[in-house]
Structure formats: structure tokens, C-alpha cells
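A, B, C, D, E and F are the chain letters, set down in written order, and residue numbers restart from 1 in every chain.
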Amino acid sequence: MDKEISTQKPVAKGAPEKVTNRDIFRAWIRFYFADEIPHSFDRYIAPALMWALMPILRKLYKDEDQLKAAYKRHLLFFNTQISWGGGVLTGIMASLEQTRAQETYENKELTITDDLIYNTKAGLMGALAGIGDSIDSGTVQYIFIAIALPWAQQGSAIGAIFPFVAFSVYQVLIGWYFARTGFKLGRKAATDIVGGSQMQGIIEGLSILGLFMMGILAANYVKVTSSLQWTLSGKKFELQEILNTVLPGLLPLVVVGGVYFYFVKRGLKVTRALIGLTVILGVLAAIGIL
Amino acid sequence: MTVQTWQAFVIALWVALVESRVLFGGATTTLRFTPMMTGMVAGLVLGNLSKAMMIVAAIQLIYMGVFSPGGQMPSEPAIAAAVAVPVALLGGLKPAAAVAVAVPVGLLGAYLYQFRLFLNTFVVHLTDKYAEKLNDRGLTLSIIWIPVLVGFALFLPFMFVTLKFGVPVISAFVKSNSGTLIFHILTVIGGGLASIGIALTVYVIGKKNYIPFFLLAYFMTVMFTKLNITMVTYAIIGSILAFIYVLGKNEAAKLAAKNNNSSDDEF
Amino acid sequence: MTVQTWQAFVIALWVALVESRVLFGGATTTLRFTPMMTGMVAGLVLGNLSKAMMIVAAIQLIYMGVFSPGGQMPSEPAIAAAVAVPVALLGGLKPAAAVAVAVPVGLLGAYLYQFRLFLNTFVVHLTDKYAEKLNDRGLTLSIIWIPVLVGFALFLPFMFVTLKFGVPVISAFVKSNSGTLIFHILTVIGGGLASIGIALTVYVIGKKNYIPFFLLAYFMTVMFTKLNITMVTYAIIGSILAFIYVLGKNEAAKLAAKNNNSSDDEF
Amino acid sequence: MDKEISTQKPVAKGAPEKVTNRDIFRAWIRFYFADEIPHSFDRYIAPALMWALMPILRKLYKDEDQLKAAYKRHLLFFNTQISWGGGVLTGIMASLEQTRAQETYENKELTITDDLIYNTKAGLMGALAGIGDSIDSGTVQYIFIAIALPWAQQGSAIGAIFPFVAFSVYQVLIGWYFARTGFKLGRKAATDIVGGSQMQGIIEGLSILGLFMMGILAANYVKVTSSLQWTLSGKKFELQEILNTVLPGLLPLVVVGGVYFYFVKRGLKVTRALIGLTVILGVLAAIGIL
Amino acid sequence: MTVQTWQAFVIALWVALVESRVLFGGATTTLRFTPMMTGMVAGLVLGNLSKAMMIVAAIQLIYMGVFSPGGQMPSEPAIAAAVAVPVALLGGLKPAAAVAVAVPVGLLGAYLYQFRLFLNTFVVHLTDKYAEKLNDRGLTLSIIWIPVLVGFALFLPFMFVTLKFGVPVISAFVKSNSGTLIFHILTVIGGGLASIGIALTVYVIGKKNYIPFFLLAYFMTVMFTKLNITMVTYAIIGSILAFIYVLGKNEAAKLAAKNNNSSDDEF
Amino acid sequence: MDKEISTQKPVAKGAPEKVTNRDIFRAWIRFYFADEIPHSFDRYIAPALMWALMPILRKLYKDEDQLKAAYKRHLLFFNTQISWGGGVLTGIMASLEQTRAQETYENKELTITDDLIYNTKAGLMGALAGIGDSIDSGTVQYIFIAIALPWAQQGSAIGAIFPFVAFSVYQVLIGWYFARTGFKLGRKAATDIVGGSQMQGIIEGLSILGLFMMGILAANYVKVTSSLQWTLSGKKFELQEILNTVLPGLLPLVVVGGVYFYFVKRGLKVTRALIGLTVILGVLAAIGIL
């Protein structure tokens, strides 16, 4: 990704306006609202991020070409979890764009290159998704539900309303906090990323943690077991039982690994993976292997 | 014994709002991942809130822990509830029996949602065009309203038809087919599809060298299943390991620099 | 049914010797952390050694594992035994009932011990002065004898009065208050105070970067509670991890030096 | 063993006398005896170490100012566990002081500076406390007790006497061994610490182990649970139960962390922490939260 | 009630083929580590295959997991079966009783196998000589045929005599001595000898610095006994840890090089 | 071991023939056949490896002295597990010898020295033994047996034949795969080992894994417990029970450690260790300690 380093110095059209905390709040709320509305297989939720940043980008780039370039920058593939990933990255992106706009305007050499912006986004989005999904959707959400379930069981509507309201409020609030932190961090990070190793360390750490959490999710969440069994001279054998004596958890891992290697080989073709996996699993289930 | 037209329409509308994700934005997360609110709405519309809540609580139990890492979900609980609650209310089924209806409907619903993502693939070309023209209204149109419309076009008629005409059919179908091969296949597929979202996220994180940490977590979870370790505990363990790894690396580099300097000094 | 003066005095003397830590120096560790010897002494003094041992064994059971990392202990078992054993012997209580007396008394005793540390804070100024004058006798006085005296002044009268006049009172109080809020509060405080000594030691070790190892150990213990892993096993696991960490760091630095040299050679 | 190359050139007030193994034994026994007698909140057991080293310091420094300085050096804050920490550090300190005295006497440049002495002490005392506490007080002591308990239950005094004697003998012996090892190690370490990374590695390793053991102790030893419970539409909720589904062990960790950060922010104010924590816990217990 | 000469001879021959390891080469691994095939052969020869299989299945159960890391085995299952199956068949013992015979015989057999390794120590000198002379036939002789002969000389007569004359004796001996000290001693020795092969392999791997990984694995297994973690799972965990260690080291060295270069640039 | 680099350039007698895949297959099968036939205490299975490579060495070295040296090279101490260790090393050794023969013939400076060959072999054999033993003998073999056992229990001979055939076929096949991979890898590795760190990393990784697996085996496989018990005032004590409250697994580890240190101190004297350990264990069992 580091191929093109765009160091063009365009002529200034107008000074960028200051990005305020209100702008950050607005961007975050826009992101929160749009989030998965434009969900699609090839860009995922990139349009939501772009739409969230739109007002800020308008304030920063008074030059049409610059603005166009900024819009496009945020339409590249993007996916993350709403509050952790969305919060942090809305903030950091706003911060990076602000610095870039300033540099552009002052005709300085660009330290915040296209690549830097995309790499920062790409370097964090997956890791933060792994973390945010497991903590928010996987834990916090179900705590609220577990608390409210008894009410539902007694026929009370509060059992439905409470977790809905509580979780929504929770996500709006922490996302906002993350956005502000990201904005602050981003400003410093902007220079740091170029030379320093601190930001590098943070991205690495988050990537490790993100992958770690995906491992936890895979183990808890992907359910593939063999239902194959056969009888030989009156003795019943179950394949899954045998597999468990060798390597419990083998099958789900094979499936996740298979899809992963498909993406590595063929790129992020999600629809195809979806259909292909459906067919394979369906056939294996039909013939009694799974 | 059947759903009235206005009832079918209102429930279908609710589902379309949830599944197009436009109802309070990110707040639809819980609306979509869990059947509770949908069950409540169905109960209100059908005039038996209290019974509906009891039914949907039973449905919730089978969906505990369901969510969508990387865009995949084994099942679509909101759709499941939108069908199963009316079926159960009108057919006078017990909560447990409603679950038998919910499972296959939820699995089918998951495919409908995937189809939405597929259709949005075309919408995004429009977005690109408007971006090129700096047309902000067009962008809002293509990023928000058209996807919402797509969602409505998909879920509203489907849910309406299902509720208006399908309820007795489904009820009969589920009764005569549960435990058959077709249900087995649906369950297997549902259980395996979560892998796509996870693989996607691993791919997106993109640090191949660190995949051993994925495997470590995977096998830790398998090894420690019996210990019932919570996800937050794992998140903390993961943070600790990540921190120690990065710390060790940095300290080693510093040590190398120090050794290097002191050996430089010798000469 | 009451303790005689000489009996109260001898037991109080014993406690003062233990708690001022002057009785065989470091050997007071076990004397202070465990109620056994104190129970024995009380039994000898009150003329029923055998029964006293049975009572104190029951008390010991609730104090298994108690000690004082960084100077904090949730309870002072020796003091607990010094009161509970006489109460039980004279009141003819069963061992189990003696425990009910021991617990609150032990918690109060812990505060008395903390007060000793507070008082010694003033004694140390004297030590500074004598050090300045190179007065070795003065140093021994201020480091050994004055603190011992402080200990005696604190524990001897307190224990004497308690034993001589308090036994029936305590016995009555415990009977009427067990299970009440005041006992609950005492228990909560006792359970939480150990944190001070631990935090102190973490602070004193002073390597902030390595705190993840503290957390790792903490959550490992929580995760593996059901596996009943012994402390020595953990100590070994800790040693192994520490060794691997330092080894990795050193090896990496060496590798860097090697790479560095060989790349230097190339040019 | 390491014979001493004493090339005395008696110019100054008086040459330092040789520190013998007997001196080390005596210092160790003095430390063992004094240990927690002068325990106080601001210096902890520093006076005990100083008092233990007194005879050695007298032998080493014939100059009054030097001796005074040495006395003061060992009255700074010090806390450790008796046998592991006390043993090792008595030995190492004796060794460092010996080298320093020699250097001072020979008018050489000091390699054993005040800082070096204090840093060595401070670098090891906490780590060795963590290790020693868990092994000696936490394990060995209770093994002896567990062995003897049945005798007590049968009414025999041996149930009290055996663990007392056995544990005391054990601690005197291993402490002595550690002191001698520390003394030997210290002599080599003295030069090593200045430049080398070996000693550095050892301190780091011990620090990690020490912190690790404190983590184990915290989990086993700090007991804080919430007793909060409430009833909503007839369903009973227990806060502690909910916390356990999120993060078992949260509350004790919060308490330890709170005290730790208090020390970080305000310095080692133990009395205050003690009183403060008592009040906080007491109030929370009184109002039914804990 | 006794084994006939030809029967004793055939079984002894089979054992000699297995234990000299010449029967299908590496395939003798399973022949030697497990009693199954030997039991089958004994059954065929003694004319009661079906009963023999049942007996040997019981024997197999006590040898589950037995193999020979670094050349040591706690017991020699093939020899155990070769004796225990005939004893049980002829004595009409139940499978469970056959096990009582198998255990001590297997322990003794292990010593016989060790003796083979000792004798081969002398054969290898011959190999050295032939290598010096580039005598390929001689090499094959000394590497293959002489060791095979040694094996036969050791196992054939021993097994023949045991089977022909020993069966009633053994049967009687086992009955009267099981549970006695001599059996206890044999069991203890058998349980401890595996340590030699393991220590040998650790020594041969020869990376002393990495022994903490040995200890880590050892104590992990002890700690997690109750979780029944499989060996392949452990192998994967080991691979992950090894990979992470080496990765961390290399990345640290690279980081050092990078820092080094960038700091070089500054000047 | 890297001290002596033999760079003698002998006169060429004849060009080395090419080593084909068939040769590798043959060498592997020869190794599989010979394996533990020549098992002895001082060389272990070195003669088997030598005998396996013989035909290839004949093809490579037309000069008698060279051949003789090659023969001797492979008669030094060698031990490994048959399929993983034997497979990989047959392949790598063939590859290294081929390169060496070529270099010798072309009178080039030798990069594949005696030391390099032996170090590669010694660096991998133990690690691969640890891995191969646990996976093949410890797991795969017993899976086949577990599957077949019920047949045996019903009196069917298939219970014996199936695991025997299945496991043998499995080992021949994976060994062959490993040999071919080793041969390919070896060619590249040959140059890599000399300078590069990649091969170094692989050896290190395998060593760690090998030691790790030996730890697993030791814990599962070495069985030493104390049977000592005594009664004091009517209370029964069991030493093993007490040990378990301190450090479960202590005794087996002491035994393994003892043997290991014996080897470290005295060299690989297996017979002596065997006899010594037998005597020690026997005596301790006889007097009732074990």
C-alpha cells in the first residue's frame, strides 16, 4: 500500500476552518445513525464513515479537488464495530484530515499522505472490531438482556424496553468518549506515526488483541460438528467423538481457516464465500457428514 | 385465527425499519440481534402484550449470545420473532413450541439480510458518482435513503405476505417437518456461517504474523470450556498478552541500542 | 466463671511479647499469624490444656492462609485466640461457638497492631538522631527497646483489662450481635484491608511496565480457581515466565547485534 | 572461596577490617531478631536492617563521617520479607559496603555509589517480599500447620509447638543460606551492576516474579464482594452475580488498584490509606453495597 | 494344560521377530508397543483366536498410551501378551486375571530389551571397521543381520523356555505373590524408567536456555490434568508459543535495526 | 562446534551422480526398515541412518577417502523418532551431502562442512523426536487402537490387524512426505544455515516445541509417587498427599531432572543411568518411600 506518496503542493483556495468538539460530536452521531444502513459486500460500511465526516471535510477543504479527493479517500473498503471502532476512527480521521488540510493550505510538504490515512484506518478497524464486538455485542448487550429477561417471562414489556434503551445509551456515550479521545490522540499521533514507534506499538498491540478476540469468538460462535456415525460389528462409532480425543475444536477452525484462505487467495469476495460455504455445508449436512 | 391486514402491515413495517437499520441508527443493533422488542410490538399489535412477552422470552433464550462479527449472523432473531410470536399467539402454542417455529424462520431471515448487502453493492456505484460531483444531497440519498428503500422493498412485502398468508402454512409445515433433514441442513449452515464474518475480520486486521495469537485464543477457549471464562476476562488476558509482547519487543530493541552504544564506546 | 488476675496478666504478657515481636524475633511470625501457641498458653494458664487445644484448632481453621504481605493482615489471630479461648473455656462453649468470638476480636486486634506501626513512626526520629551522633547504644535503644516498650504499653493493659473484666461482656455481646450489621461491616473491612499491603509491595517493586504480569497472575488465579492450583506451582509458573521474558529480550538484543555486525560487514 | 587481595596501603584513618562469614551470620541473626520490632509506617523495617549491619559497618568505616553516612544510608525506607528478602539483602548490603569501604579507604573513584546501594536494595526488596511471602508465610508455614492440626484437635500441645519450632528453624536456616549467597553474589554483582546487563536481568526477572506473586496473593487474599441485591417485579437480583458473568474478581482488583494509584499519586502514605479504606469499606458495607 | 513344543516355538519366533525389530521394520513399532497382534498370534497358535482377542483387549487397556520416548518404555507389552495370553487360555483365567500375569512379565521384558541395546553396543565396533574398509556387505551384515541375530539369541530361547516350562510356574507365582513387595518394586521401577528416555531427548535437544519451556509444559499438564487436554492440542499450543517466541525475537531485532538506522541518520 | 572449518580441497576422481526423487524414496524406505534394528546405547540408531544413506553416498562420492569420510560422518551418535525425525533428516542429509559432493568435486571452498552437517542433524533430531513421539506414538497410534479395541473385545482379529496396518501405512506415507520436503528444504537451507537467520529460527522454534512436548510427555508418562505413610497419635499421614498440597508433580520431575543432570555431568551414559535408576527406585520402593 505504500507505493504512491502524493506530495503535490496545490495552490490554496481558502483557509480550513477549525474543527470543534461540536463537529466531532456531530460526526459521531452521524456515524452512529448511518452505521450499517449502507452496508454492502464490497465497501461494507465505508459510506457511513464518509457521510459522518462530510460536514467536517466541507469545513476543511475549500478547494474542490481537495474535497473530492477527501470524499473518495473515505469511500474505500471500511468495516468496524460501531462504538469502539466507529468512535475511535471518527475521531482520528477528523484529526488527520484537519492536519492534512492545514498542511495543504500552507503549501507544506504533506506528512499526512493518502497512504498514511488509509493505513491508520485499515490498521485499526479490524482490531477494534474484534474488541468492540466481543465486549459490546457479546457481553454488555447480553448483560442487559439477562437482567431484563425475568420481566419478559412474567409478561412485562419492560423486559424488552430496558435492554434496548440501556444498551443504546451506553453505546452512544462510550462512542462519543472514544471519538473525542481519538480526536485528541490523532493530533499527536499524526506526527508520531510518520517517524515514531509508539503509535506503531499501539497498532500492533491492538491487532494482537483484535486477533485474540476473534479467536475467542470463533471458538464460542462457529458451531460445526460432525454427525457422522457408523456401526461396525455392532459397535457404534461417532466421528465427532473420535475427533474430540484428538483435537477438540478442529472442525470450526477448519471452516474459519478455509474461508480465511479463500479471502487471502481470491480477495474479499464475501458473496461468493457466503454462497460457496452454504452449498458446501448444505451438501455435507445432507449426506450426513456434518 | 388469522392476522388482519393492518396487523400484518404494522409488524412488517416494524421489521423493515429494524432490518433496514434506520430506526434510531446503531440502536437497531439490539433490535436486530435480539427478538425482544419485535415480540413486544407483535404483542401490542395483536392485542396480547403479556402473552407475547412470555413467548418472546423463550425465543430470546435460544438466541443468547447471538451477534454479528464481521457482518455474519447465524440467524436473524427479529424476523424469527416477528413470525413466531403471531404463529404462537394465534395458534395458541406454548412458548416452547414457538421456538420450533422461530429457528427455521430465523435461518431464512439471515439469507434475506445477506441479500440486502448484495443489493447495496449496486447502490454504492451511485455514491461514487455523487462523490465525484461533490453532490452532498445525492450522497445522503445514496448512502441513507436508497439503502433504506432497498431494505423496505425487501422486508416489507416479504414480511407482509408471510404474516397475512403464511402463518397457518408455516405452523403446519413446522409441525410436520421438525427434526427432518431440511431442518438439520438449515441448522448446520446457520452454525457455520458465522465463520465468514470472523474470517473477514481476521483478514481485515491483516497481520499474518500475529495469527498465532488468534490460534492461542481459539485453543485456550476450547481447553478451558469447562471453566466458563467470561469474554471480558478473555479480553483482559488478550490485552495483557498484547502489551507484554509489544513491551518485550521495545525493551529488547532498547537493550540492543544500549549494548550497541556501549560496545561502540569500547573502540 | 471469671479469669483470675494472675491468669489475665500472664496471658496479656504473652500477647504483648508476641505482638511487640520480641519473643524470639522472626519466630514471632508464626506466633502472630496463627492462634495455636497462644491458645496453648491460655490453656496452660487456665488449667485445661487439652480443651484449649481443641478450641484453638477450630479457630485455626478459619485463619488458614492468613499472613501479612506488606504489613497488612485481615485479622490478628493471636489476639483472637487470647480472648476467644478463655471465653470458650470459662463459658463452656463448643469450639465452633468460640469461632464466633474470635472473628470480631481478631478484626479489632488488627487495628491495634496498625496503631503500633503508627506510634513507631515517632520513635524513628530518635533513631535518626542517634545515628547522627553514632550512638550505638542509643540506636539499640530506639530500634529495639523503645518499640518493644510501645508494644507492651499498647497490648499489656488492653489485653489485661479485656481478660479481667471483658470476658462476660464479650461473651454476651457476641451472642446478641452475631449476624448483625456491625459484624458485617467488620468482616468487609477485614476482607478488604489486605489490599493495602499488596498495593504497597507492588508500589515498592516499582516496575510499572511489568504490572501486566501482576494482572496476568491475578486473572489466572481467578480463571483457574476451580483447579486448586497451589501457590508453589504458581511461583514456578511465574519464575518460568519471568525467565522466558528476560531470555527473549537478551536473545533478541544479541540477534540484533549479530545482524548489525554482519550488515556492517557487507559495506 | 574468593580470597581477598588486600593490598593495604594504610594512609587514612584506619583500614577497613575484613568481613568474615561469622560477621555475615551475626548480621543475619541480628536482622532475624530485630525484623519487625521497629516496624513503622514511614520507614517500615529499615531500622532493623541498619541495626543488623551496625557491627559490620563499624568494622568497615574507621572514619566517623563515613560511618555516619553509612548509618544513614540504611535508615531510608525499607521493607521486605524476613528470610528471602532479609537474607539476600543482608548479604548483598554487607558485600557492597565492604567494597565501598575499600574504595573509600584507597581513595579510589567510588563505583559503589549511594544510589547504587539504594537502587539495589529498592530493586530487590519488593520482588523478594512477593516471592518470600507467598512461599514462606503462604505455603511452608501452613504445611507445618496442616500437619500438626490433627494433634491439636485431639487436645495435644504438640499441635501448637511443632509448627512453631519447625517453621522458625526453617526460616533461620534458609535465611542464613540466602545471606551467605547474597554476600558472595554481591561481591561479583558490585562490578557487574555498574556496567553489565546480567544483574539487570536478574533484577528484572525477580521484579516480574514478585509482581506475579502479588497478583496471586491479591486474588487469593483480598476479599471484596458486593452484597447488594434488589427485587424488581418479584425477581431477585444480586449485583455480585451479575458482576461474575462479566468479570469475576473485579471488585478486589478495583480495591487493590485504588490503593496502588493512591500511593502513586500521593506517595507511600500508609496510615492514611488504611484509615481511608476503612472508612470507605465501612460505609459501603453499612449502606448495603458491599 | 501345557503349551506344546511347536506352539512354544512359533510364539517365541514371533516375539523374536518383533523384538529384534526386523518384521516389516518401523511397522514393529505398533507390534512392540501394543500387545494386540501378539495376542492374536498366540490365539491362532493355541487354537482359540476369539478368546485370545478378548484377553488381549483387557491387556491392551492397561497399556494405553505406552510408547518409548528416547528408547525407554515402562514395560514391554508384546512380551507381556506372549506369556499372559497362553497362561490365561490354558489356565482358563478371566481376562482381568490375565492382566495380573501381564504386568510383571512386561516389566521383566523391558529389561530384556534394554539388554539388547547393551549387546548391540559391541556390534557397532564392527560397523566402524567395515565403514573404514568401505565394505558395504559387511556394513549390512553388522547393521542389520548381526543385531537381528542378537535379538533372536536373546528372545527366542528365553521365550521358548518360558512358554514351554514356565507357564504353570508363572501362573502359580503370580497368584501367590500379587500385591506383595516384589510386585510393588517392579511397578515403581517401571513407572520411573520412562524418565531416562525423556531426559535423554531433552539432553539431545541441547538448548539449555529453553528448558523453561519444558517446565512450562510440564506444569501446565499437571495444572490442567482435570481438563483432559489432548496431546495434539498441547502440540499446537507448543507450536504457537515457539512461533511467538521466535517471532518476537526477530521483530525486536528488526526494530532495533530500524531504530539504529534512523538514529544513525540523525547524525 | 563451529571451531574447525575443514576447507581441504581434494583432487576429483569422478563427478557425483544426480540424486533423484527415487533415491530419496529408497533412502527413506531403507531407514524405515533399519530404524531400530541396530539400536545400541552408545550410537543409538546412527547405523540405521548411515545404512539408509549408503546408496546415495555411493552415487555422490567417487573418491574413496571422501566416501569413507561420509560413512563415518553418519555413524556418530544419532537418535530420533522414525517418521518425523527420520523422514526430515533423511531428506536434509541427502541434500547436504549432494551439495558437499558437488563442492568437493568442483574443488570449491566447502560451505557444507562436517560441523555444519552434524550440527544440523543434532540440532533437529531431538526436537523432531519430541514432536514425532507425542503425535505419532502418543496420539495417532492410540486413536487407531481405540477405534479397533471394541472388535478385539468381541473376539475379532480385525481388532489387532486394523491398527497395525493403518498406523504402518500412515507412518510410511508421512515419512516419505517429510523426506521429500526435507530434501527440497535442505538444498535451500544449506546456504541459509551458513549465514542466514531463517533456518536458525526454525531450529530454535523446533527445539522449543520439542522441549515443550517432552514436558507434556514427562507429566503424562513418568509415574513416581510416594507411598510413605505414617501414623502419629492415631492420625494417618500420607507424604504424597502433603506433597500435592505444595507442588503436585514434584517427584516425577525430580527423577527426570536427576537423570538429565546426570547426563549433563557425566555424558550420555544410558546403561549406567538405567541401572542406577533401577537400583535407586528399587531400594526406595523396598523401604517403603516410593
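The criterion applied here is as follows: contacts are C-beta pairs under 8 Å (C-beta built on N, C-alpha and C of every residue); 3 or more make two chains touch, one makes a residue touch a chain.
Just so you know, these numbers come straight off a predicted model, no measurement behind them.
Visitor: Any chance you could name the chains that touch subunit B and subunit E both?
Guide: A chain counts here if it touches both subunit B and subunit E, which gives A, C.
Visitor: Counting C-beta pairs in contact, which comes out ahead: B-C or A-B?
Guide: Of A-B and B-C, it is A-B that has more C-beta pairs in contact.
Visitor: What whole-number Å value describes the gap between the mean CA coordinates of subunit A and subunit E?
Guide: Using C-alpha averages as centres, the distance is 53 Å.
Visitor: Can you list the subunit D residues in contact with two or more other chains?
Guide: Within subunit D, the residues that touch at least two other chains are 139, 146, 151, 154, 156, 197, 245-246, 248.
Visitor: Scan subunit E for residues touching two or more other chains and write them down.
Guide: 213, 215-216, 219, 222, 224, 227, 230, 232-233, 236-237, 243, 245, 248-250, 252-253, 255-256, 259-260
Visitor: Which of the chains are touching one another, listed as pairs?
Guide: A-B, A-D, A-E, A-F, B-C, B-D, B-E, C-D, C-E, C-F, D-F, E-F
Visitor: So in the complex, which bits of subunit D are touching subunit C?
Guide: Listed in rising order, the residues are 32-44, 47-48, 50-51, 54, 58, 64, 67-68, 71-72, 75, 79, 82-83, 86, 122-123, 125-127, 129-131, 133-135, 137-139, 141-142, 145-146, 148-149, 151-157, 159-161, 163-164, 167-168, 171-172, 175, 197, 201, 204-224, 227, 248-249, 252-253, 255-260, 262-264, 268, 270-271, 273-274, 277-278, 281-282, 284-286, 290.
Visitor: Per the contact definition, I'd like the list of subunit A residues that touch subunit F in the complex.
Guide: 232-235, 237, 242, 245-246
Visitor: Please output the residues of subunit F touching subunit A within their complex, sorted ascending.
Guide: Touch residues, subunit F against subunit A: 139, 143, 146-147, 150-151, 154, 156, 158.
Visitor: Could you please specify the touching residues of subunit D with respect to subunit B in the complex?
Guide: Subunit D reaches subunit B through residues 195, 197, 244-248.
Visitor: Touching subunit C in the complex: which residues of subunit B?
Guide: Against subunit C, subunit B makes touches at 224, 227, 229, 233, 236-237, 240-241, 243-244, 247-249, 251-253, 255-256, 259-260, 263.
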